[in-house]
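In what follows, chain A forms one complex with chain B and a second complex with chain C.
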Partner chain A sequence: MPELVIDRVTKRFKHKIAVDTVSLRLRNGVYGFLGANGAGKTTLLRMLCGVLKPTSGEIRCNGTEIRMLDGEYRFLLGYLPQDFGYYPDFTAKRYLEYLAACKAVPKDLAKEKVQEMLRLVGLEGEQKQKIKTFSGGMIRRLGIAQALLNDPEILILDEPTSGLDPKERIRFRNIISALSKGRIVILSTHIVSDVEFISDQILLMKQGCIVEQGTCREVTGNVRGKVWEYMAGPEEADRMNDTFAVSNLKNEGDRVYLRIVSDTCPCEGAAPAEPGLEDVYLYYFGTDEICRNADRSIFLRDMHQ
Partner chain B sequence: MDDKMKTEKWKLSPDRSRDGSMTQEQSGPSWKESKMDRIRHEAWRLPLDESKKENSLAAIRQAAEAKQLSRYPSFATNLWNQFRFQSWKSRAAQGAVLLSAMLLSVWLNQKQIADTDSITVCSVFLVFAGNICLSGVARLFSRHMVELEQTLYLNLKQMVCIRMLEAGILDLVILYILTGLTGRFNSAGTGAYLLYMLVPFLWSDVLYLHMLTAFRNGLAGYRQISAGILCGLLALFPVMLEDAYEAAALPWWRAFGLAGALLLGAEIYGILGKIEGGDSLCLN
Partner chain C sequence: MWKIFQEEFYKIASKKIVWIGLFCLLGFVRYRLAMVVDEYTMTTGRETICGKEAIAKDQELTAQYAGPLTEEKVQTIYEKYGFFYINSETGEQNGNYCSRFITERMTNSRQLEEPALDDIQFYQGSDWENNAAYLLEDGLRFDYVYGWDDLAETYGIMVIFCLSALFMIGLSSVFSEEYSLKTADILLTTRRGKGGGIWMKAAAAFGFTLSIYFAVTVYVWAIYLNVFGTQGLDASSVMIGWGNRWGYCPDTVAGFLLYQFWLGLAGMILLTAVVLAVSALCKNAFLAVVLSLTLYLIPVVWLKLIGPMRIFGHTVTKAVSHFMASMPVYLTMTWDFGFPAEQVMMHLAIALAVGVAGVWLGYWRYRGYQG
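Right, the complex of A and B next:
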């Protein structure tokens, strides 16, 4: 069973540091990377796949640098990129057969594997259709099928559920849960529920750094006492929405229910609540959004004046 | 027979190896090694413990079963797979190019076209043929496909090399047809004729390959077609120079040929370097 070690890895694009001295040890299990857009998740996953070369630091698989392992490492790998590429004129079956050949799946096993994967993602009936006729969700499912084709020991999925409807998303989560035994599954997303249910370890990324890591219970435990519930009037609710990180806002008659994430009690009458992963997400990533909202409010106010 | 062999084996001096050369003990060192040699030579006389042998074999079998064996495809298999999964359009285009090369050569010979016109037609044809053959490489660089291909066992870099090899073989066949059937009747001589063919071909390949990774975006496909057409037009450039195909201009052709070859080498090296680094592939 493989072990991946990310050792002080940094990736710099000209003047921007996308990943900043990240160190991790990944063994069996599902690792969910959560972070806002531009947090560095995709860059880190690309380095884990060997697509991008780290500016400094190294990634080792069972003690050997992955670039030294070369084909042997890629043999263990299944990857679904964020922007999944395909040849539009290929049928789903031919596309998977092509990738099976490139993934060194033996020819006699490849046909069987292709059918198994098409069945798994529910594309068996469309296997002879050209990919250019597929919907976004179907293309995403095809992407998941190709990632699993070689029975990878290291499975890396970048935004795997984007474009999937809720039913497909649940189905995908179940597939990943079933597959997670005896392999490393790394998935990156900004959809909190995706990682909440299936991840053994949750890693929060912000500005290229891992800001929090742990099980769902551990991560949510860290913001206990920082989540508040409050019923406010409409005007007060608007004001609080601009000032605090609000994870939920719901109209209930003439009052508004607010769920606020704040280090201190936001106002008199607010009651502490049990935190969820969405609250954690907002705790770490919400402040930037509030700044942007505040900027927007000032801009709109200036416009009206 | 066995006994005889054993006796002979026994007769071999422990201080002397089978080919009669001196052992390490005689030349100086290790008493331990000499002792090990002696034990090895006498081992046949020791009785075998069958149960221990069975246990050891069982342990070896168990270790062998636990060991994960990976079967990696050979180079020939990879080459075949890349050919097998080419699109039918690509195969049809390559077939058409081959057929056209033959028909063109026959037609030029039959019509007895003037030397310079024949050279121009053939060199432009070779440029277009080269671009068509390289379209297999261009396909690998389709939008978003590169990132996935780079993570496969047979990665993008290896795929590019294989496709270039296939394209190169086809180009050579076309060049052989054109030079063999048309060039030998040409007054310029086969060597000069080959040079007139190769110079535009090399420079067009440089431009075509450069466009694979330059300015990549959604319009990359159209840009590639534009580059192909531009290459063909550039191959017509010598027609505008009156004495381009004269013997006096041959040193210039040689110089451009050498420069083209060097640039092509640098371009291929650059593409492979870009793939290795990954930045320019992912940022588009």
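Right, the complex of A and C next:
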């Protein structure tokens, strides 16, 4: 079973530091990278895949630098990039068979494996269709299928559920959970529920650094006492929404239910609440990253006018 | 690996524009040959015959004089058929292949504009020595080579240049499309993606070039063989207008056509290597086509424009000119330059070095792709 060590890895693009001295040790399990757009998740994942070369630091697999392992390391790898590339004129089957050959899946096993993956992602019936006729969700599922083709010991999935509908997303989560035994699964997302349910370890990335790491319980434990619930009138809710990081907001009759993330009690009458991962996300990434408060304010005003 | 090769080949071969271009080219060559045959005339006695019948008659007639060309043979042809000429009033051609050969190669007809029959004379004195004497001195083997002359022009110039353009269009996408489709990210993380997979891409590109080049050659040669048969293939290459007597030139017409074929092949292989390098350097196929075309034409700009200015001094200009003459656009035309054999070999060696460097550059550039 592989062990990946990320040792003080930095990636600099001209004047921008995308990943800043990140050190991690990854063993079996599902690692969920959470972070806003531009946090450095994709850059880090591309370095883990060997596509990008770190500016400094090194990534080792079982003690050997991955560039030294070369094809041997890539043999262990399954990768779904954020922008999944495909050949529009290839059929799904042809595309997977081609990638199976690139991944050095033995010829006699390849056809069987392709069918298995197509079944797994629910594309068996569309295997002879050209990919250009596929919907966004189908393309994403094809991407997941190709990543799993070689039964990888290290599975790296960058925004795997973007474009999937809720049913497909649940199906995908179940697939990953089932596959996570005996391998390293790394997935990056900004969809909190994706990692909340299946990740053994959650890593929060901000401005190229890992700002928080731990199990879901540990990570949420860190913001215990910083999440508040409050029922407010519409105008007060509007005001509080502008002032605090609000992770949830719901109209309940004449009143508005607010879930506020704040180091201190936001107002008299606010009661402490059990934190969830979305609260943690909001705590670290601030109001402008997730909840689009301005939009909500407008929405609230419209509701009560 | 075979599966990867097949799919890489399919990716290149599935470009419709290449096939449309190719069929247009082959169609045009076929049409042009049909026109050549249709417009072919010869006179026998007072009768003018046209088309295939005229070709057959000319071949039959020329066969009587086939073999080493001597002064007596020339004299006999002249006495029997006179000079070949075009009636300026009717536009009719008068003569046959033999009379046309001696008229065009041994008389002043080409120096005169629309000459009347009476104005045409055998070269005299130094004109004879400079322009015609070698035809009798070098043991020239005479035969009917009209079709091969036409083939040398069609194949050696038009077909080769058109194929070069098609290969640039078809092969520019080999690496660049992987970038633009974002498939490079996936391929480069597969076990074979950074090694054998890249070599298979290059192999597919060369395979595509070779198979198309061979197929087109076979087609073009076949349609000419169908019309003109094999007569004249063992005649001296000097018989056809493109054969030159200064530089290296194979002895026979067949040798000359093969020489064209091999030079074309070398040029196409070099072009493929250069396009692969360009493709790996460009992030989209269109840019790669434009850059490939620009690189393809740089030797023309150098040899026609910059080189003659000699702004870089004699030695540099000469060295660069040799380099430019080794590039695809001129390498395929080497048969027209009268280069001695050593120079041809040197140009081929330069082409080989550039080709290897091109593939190597393409390999490393693609392998090191960083997004």
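FYI, the second predicted complex is superposed on the first by the 286 of 305 C-alpha atoms of A that agree within 3 Å, B and C clash if a C-alpha of one lies under 4 Å from a C-alpha of the other, contacts with A are read in each partner's own complex, and residues count from 1 in each chain.
Everything below uses one rule, namely that contacts are C-beta pairs under 8 Å (C-beta built on N, C-alpha and C of every residue); 3 or more make two chains touch, one makes a residue touch a chain.
Remember, it's a predicted structure, so these values are computed and weren't measured experimentally.
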Partners on chain A (chain B, chain C) - clash or fit: clash
Partner chain(s) touched by A:Lys41 [first = chain B, second = chain C, both, neither]: neither
First, second, both or neither for A:Arg173, with chain B first and chain C second: neither
First, second, both or neither for A:Pro106, with chain B first and chain C second: first
Which superposed partner A:Phe84 touches (first chain B, second chain C, both, neither): both
Candidates 9-17, 45-53 or 135-143 of chain C: the single one with C-alpha clashes against chain B: 9-17
Where chain A meets both chain C and chain B, residue numbers: 46, 49-53, 71, 74-75, 77, 79, 81, 83-87, 89, 94, 97-99, 101-104, 146, 150
Of all residues in chain B, those that touch chain A in their complex: 70-73, 81, 84-85, 87, 89, 139, 142-155, 159, 276-279, 281-283
Chain B-touching residues of chain A, taken from the complex the two chains share: 13, 46, 49-53, 71-72, 74-75, 77, 79, 81, 83-87, 89-90, 94, 97-99, 101-104, 106, 146, 150
Complex contacts: residues of chain C adjacent to chain A: 1, 3-4, 7, 11, 14, 178, 181-195, 197, 368-371
Complex contacts: residues of chain A adjacent to chain C: 46, 49-53, 70-71, 74-75, 77, 79, 81, 83-87, 89, 94, 97-99, 101-104, 107, 110, 146, 150
